[in-house]
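Shared between the two complexes below is chain A, which has chain B as its partner in the first and chain C in the second.
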Partner chain A sequence: MKQWNWRLISTHTILIIGVIFMSLPVWVAFATSTHSAESIIRNGLQFWPGGEFVNTYKEVLFVKGGVMKSVLGTTMLKNSLILGIGFAIGKVVISMLAAYAIVYFRFKLAVPLFWVIFMTLLLPLEVRIIPSYGVVAGLGLLDTHFGLIVPLIASATGTFFFRQFFRSVPDELLEAARLDGATAWGFFKDILVPISKTMIAAILIIMFVVGWNQYLWPLIMTTKEENYTLVIGIKQIYQVLAEGGEVPQYQKAFALTILATLPPVLVVLVFQNWFVKGLVESEK
Partner chain B sequence: MKRVQFEHSTIPYLFVAPQIVIIVVFFLWPAAQAIYQSFLLEDAWGLSSQFVWFRNYKDTIFSESWLQAASFTMVFSALVTFLSLAIALLLAVKANEVIRGASTYKTTLMWAYAIAPPVAGLMGNLMFNPLIGDLYKFFNAIGWDFDHKLDSFDAGFVVVLIAVWKQVSVNFIFFLSGLQGIPKSVNEASMMDCKSSFRRFWTITFPLLAPTTFFLMVINITYAFFETFGIIDTTTRGAPGGATNTLVFKVFQDGFRGADLGGSSAQSVVLMLMVLALTVVQFRFIERKVHY
Partner chain C sequence: MSKVQLTNVRKTYPNGAEAVRGVDMEIDSGEFIVFVGPSGCGKSTLLRMVAGLESITEGQIQIDDRMINDVSPADRDVAMVFQNYALYPHMTVRGNMSYGLKNRGMPKEEINQKVTEAAKMLRIADFLDRQPNQLSGGQRQRVAMGRAIVREPKVFLFDEPLSNLDAKLRVQMRIEIKRLQRRMNVTSIYVTHDQTEAMTLADRLAVINDGKIEQMGTPIDLYNNPATLFVASFIGSPQVNLLPATFDGQHLVSGDVKLPGFTDLPTSTDLVLGIRPDELHLDDNGQFPMRVDIVEQHGSDNLIYGGILGAINEGDEETEFCFKAGQDMLPELESTLKLGFNAERAMVFNKESGERLR
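Presenting the complex of A and B:
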C-alpha cells in the first residue's frame, strides 16, 4: 500500500513539474506586463501581477506612437483576426470542394490533379519564399488581405483530411440521394456538408490557430505598419528593444506577447475536444 | 475510391479549380522559378544574368557557412525531436495514469500548442535578457559563465530550449491519444504477466505506440527544419557568427538581406529535396502501417 502511494506522489510530482515548465513562462510574461518599465529594469522579471495592468494594455491597444510608430494594438488585433478567420474559412471551403471532386467523381484528370495537390506537401512556404514574394509582388498583391491569405491556403493538408473523411461516408447515401434525383451540387450542399459539421468545426479551429500564428509570410509581404498582425508586431517590438534608446518598455513587449497569445489559446481551450479530435484525426 | 460516383464531364473540374489555380500560381510557379534561378548568376545590380549550370550549388553548398548551418540544423533537429518527444511521452504516460485531476493536467499541458513560435521566441529572448532575464541571471549565478550573445554553445542551448518548450504540447496530445487508444484488456493482461511497471512500459506500451512515435518523428523533424524560423528570428538571429543559423534561416538571410538570389535559390532547391526525402520515408511507413 505504501509503495503505491509513493508511486502516485511521484506521478503527480512529474506532472506538476511539467505544468510549471509549460505555464510559468507565460505567467511571468503576464505578471511582468503589469509592472512599470522602471520597476522591471530595477527588479527584473516579476512573478506577481503589479498595478500597471490597465495603463500598459490601454497604451498598447489604443495609443499611437507608444510601442509602434503608427499602428494601434487594436489594428494589429483586427489584422490577426482577419488572417486567422480568412485562412480558416478559405482553407475549409477550397479543400472541401477539391476533396468532393476527387472522391465523388469519375473524371479523366482525377489522378494527375491529385498528385498536383499532393506536391504541395513538398513545397513548404519556406523553401519557395523568395520567388513567392516575387509572384505576389508582380501581381500587385503586397499589403492586401488577398495576397496575405490566398497563397497560404492551397496546401494539401485540408484536402487530404476531407478526402479521408468523405471516403468513410457510406456509399448508400449517394445511391439514395441519386434515386431522389439529387444533383452534384445538391448532394454536396444538402447532405455532405451537414454530416461533416463536426469535422468542419475541428478543422476551422486548428486552421484559425495556424493562420493566426503565421509569421514568415506576413513578415515579408506586409510593408506598411497598418497591415501588421500581432505576431509581426512582436518582431518590431523586439527590434525597438534591441536598438535601445530611452528606458526599454519591456512591459509593453510582454503585453503584446500576451495579446498575441490570448485569442488562439482561448479558442483551443474553449473548443478543446473538437480541437484534439481534429488534430489527431487530420494528421493520421 | 467510391463504388458509386457521379459521371460528369465538367462539374468536377469546377470543384477542383480553385485549389489547382492557387497551387499553380503560388506553389508550382514560384518553385519552378526557384529551380530556374538556382542556375543563374546575376550581376551586382541585378540587371543581367547568366546561365551558370551548377555553379551556385557548388559555391553555396561547399561554402563553410552552409556546411555550418547544415550541421547545426542536424544537431538542432535531433535534439529538439528527441527531447520534446521524450518529455511529452513521460508526461503523457503519467497523465494517462492519474484519475484525479486528469483533465486539468491535460488542459494545462496542451494549451501551449496555440502559441506561435516567434511569440515563444520573444518570451524566451526576454527571459534570457542580460538586463532583466531571470534565466540569464540564474545560469550565471550557479557558476555557468552564460552568454548567448558570444558563446555558440549557450546560443544553441537557448534556441533548443525554446523550440522544445514550444513542441512538447503537440507531442503530448498525440501520445496521450495514442495511449488512450490502447485497449484496456491489453493493459490488464500485461499487469497479470508482469509486475514491474517499468518493464511493462518498454515491452508492451512503447511498441504499441511505435506508429505514433514514428509519425511524430517526421512531424518534429519538419518542425525543427522549417517552423523554428520564428524562434531563431526573434532570439539569436543566427548569432554568434552564424553558429545558430538553420538552413531555412540562411535561405532567408541570403535571399532577402544578402540579395544573393542564385545562391539562395540553390539552397531552396536542396531543401525541397530534403522535404522530398522526408515525405518518401513518411509514406513508405504509412503504406506499411496499413498491413499491420
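Presenting the complex of A and C:
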C-alpha cells in the first residue's frame, strides 16, 4: 500500500484552508449580489447564486439612479481606471527620473537627497493630507483628475527600487554609450528604460493596484458625484442605503464591491508573468 | 592614421591615491601598443584617460596634435572594447553596432552598409538579428569589436578584451585582433596583464608598474634587454630564474654557489642574478646543482623545476629554478642535474632598486 505523505497532506490542508478563508467572503459577496433586495432582507447573506445577476449589474452599471443619485457605475469605473493608471504611470516616471539623477549624476547632494526622499516614507499621505488638500484647493484643482493624481505620484519606494536596479547595471554600459555619443537623455531613453522594462512592469502593476485602492484622498478631493471612484462609491452607497425609506438595495452594494475588486485581480492575473520576471530576474 | 601623444600624464584620485604618476609616450600612426603590468598598476586608468572616461589630473593627451584633455569621449574619435563586452543587452547585434553611428546622425543606408561590411569582416553576418544573450563569448567579443570598427575611429582602445574567454578561444581571438589591426591599420592601445598576449600582439610594449612606465620597446627588446628586475621577471614565460647573490670581487656568490665570469659589480650591495630558463644547459661542470622537483611536459619541450642546492634561501623555500629542455629530457624526480649557463647572457640587478647592472 502506498504510504500517506503526511507532509504533503498537512501543507495542502493549510493552503486550502487559507484559500477558503481568503476567497469565501468574496464568493459570498458575489452570491449575495445576485439575489433580490427582498430575499436578502428576509434570508440574510447568500451562499449560492440567485437569479438577479443580470438585473442588478445592469442597474449598477448602466441605469441612471440605479446606484447613486445620478452617476453610473461605468463612470465610476472609468474614474477608478484613470486614477489607477495615472497613479501608476506617474509614479514610475517620477521615480525613474529621480533614481536616474541620483545614480548617474554624481552631484554633491545626491546621497543626502536620496535619504530625504527615502525619509518621506515616514510621512504617508494621511499625515500630510491637510496641507496637500490646501495646496490642491489653492490651485483650483479640486474635482479634477489632475488634482487627484499629481499629489500622490511622488514615490520613495519606487525611487528606491529603481535606484537599486540602476546601481546594479554595469558601468561599462554607460561608458560604452558615452563613447557611442549618447547624450544623458539618449542613454536614459535608449538603454536604461529598455533594460528596466521588466522592473517597470512590476512596479506599474503594484502601483496600479495601490492607486485603484486609494480611498482617503479621493474621498476628500471629490465633491461632485461624477468624480467618484468605485471605492468611494462603495462607501457612499452604504450611506444611501442607510438613509432611504425603502428596502435597502444590499445586492447593489455587493455588486459594486465585486466590480471594484475585478480590475486589480485581472491586472495581476494577466501580467503575473511580467510581474514575477521583474522581481526575480534582470536582463543585463 | 593618427598619432597619440601623452605628456607627463598624471592621475590623482580625490582620496589622494595616485594611479598614474607621470607618463610620457608617443605612439605612431598605425602602431599597436600594449600596456602590460600587474593588476592595480594603473594601466587601465591610463587607457581610460585616453578614452575620456577618467579625467586627467595633470599633463596632456593629444591625438593628431589636438589636445583632447577636455574633449568629451564621444568627440575624441576613439572606440573602446571592454572586458565584459558591454553590449547593450536589449538590442540586436545590428542595433549594437549601429547605435554609435545613429547618434552621429549618419544616414540609414550608410549605417547598414558599414554594419554589413564590418559584420562580414568579423564573420558575424549571420547573427546580425540576434541578441547578445543568444551569442557565445567569442561572438560577443566580435560584436564588441564590430561596434568599434564601424565607427572608423582614429584610435582603438582595448581593455583586457580577452580575459573572459577560454584559453583556446583567447589564442584564436588574439590572432584575429592582430590581423584586423594590420588590415585596418588603426593606431591601437591594448591593455592586458597577460604577458603572452602582450608579447604576441604588440609592436611596442609598455611595461607599467605602480603608475609609471618601467620600460617601453619592442617585445623582443624587452625580453632580451630588460632595464629593471621588474621587467625581467614580468616578461617571459616561464619566468626568468632569479638568484639572490653578492659580489666578492671575482665571483658572484650565493651561499655555496660561486659563479665566475662577472666583473665590475658593486661588492657592497645585494644583487640578483637573472637567467632565462632557456639559457640554462646541462653541463657536467655546471655551477648549479639542481634537485629535480617537477617535470612539466609541454610537448615540444619539457620544463624541469627544482631547487638549487646550496644557494641562498629566500625565506624558507629554497631558490627554485626552471630549466627548459627538449622533450627527450626526462630526469628522474629527486635526481640531481648539473646546469651551466652563459655568463655573457646572464643579467644582474641591484636587489634594492631593481636597476639592471649588466
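Annotations for the structure displayed:
The rule is short, and it goes like this: the second predicted complex is superposed on the first by the 256 of 284 C-alpha atoms of A that agree within 3 Å, B and C clash if a C-alpha of one lies under 4 Å from a C-alpha of the other, contacts with A are read in each partner's own complex, and residues count from 1 in each chain.
Keep in mind that, in the parts below, contacts are C-beta pairs under 8 Å (C-beta built on N, C-alpha and C of every residue); 3 or more make two chains touch, one makes a residue touch a chain.
All of these numbers come straight from a predicted model, not from anything done at the bench.
Contacts of A:G186 after superposition: chain C is touched, whereas chain B is not reached.
Legend: residue contacts after superposition of the two complexes on their common chain; A:E175 is shown touching both chain B and chain C.
Of the two partner chains, chain B is the only one that A:Y250 touches; chain C does not reach it. Applying the stated contact rule after C-alpha superposition, one finds that A:P194 touches chain C and leaves chain B untouched. Contacts of A:V63 after superposition on the shared chain: neither chain B nor chain C is touched. Contacts of A:V270 after superposition on the shared chain: neither chain B nor chain C is touched. In the superposition on chain A, A:I9 makes contact with neither chain B nor chain C.
More residues of chain A are touched by B (comparison of chain B with chain C). The residues of chain A shared by its contacts with chain B and with chain C are 175, 178, 283-284.
Contacts from chain A toward chain B in the complex involve residues 7-8, 11-12, 14-15, 18-19, 21-23, 25-26, 28-29, 40-41, 44-45, 93-95, 97-98, 100-107, 109-110, 113, 116-117, 119-124, 126-132, 134-136, 150-151, 153-155, 159, 167, 171, 174-175, 178, 184-185, 209, 212-213, 215-216, 220, 231, 234-235, 237-238, 248, 250, 253-254, 257, 260-261, 264-265, 267-269, 272, 276, 279-280, 283-284.
Only residues 1-9, 11-13, 15-16, 18-20, 22-31, 33-34, 37, 87, 90-91, 94-95, 97-98, 101, 105, 107-120, 122-127, 129, 131-134, 137, 165, 168-170, 173-174, 177, 197, 215, 219, 222, 226, 229-230, 233-234, 248, 251-252, 255-256, 261, 264-265, 268-269, 271-272, 275-276, 279 of chain B touch chain A when the two sit together in their complex. Those residues of chain C whose C-beta lies close enough to touch chain A in the complex are 51-53, 72-75, 78-80, 82-84, 86-91, 99-100, 103-104, 133, 147, 151.
Those residues of chain A that touch chain C in the complex are listed here as 170, 172-173, 175-183, 186, 190-191, 194-195, 197, 283-284.
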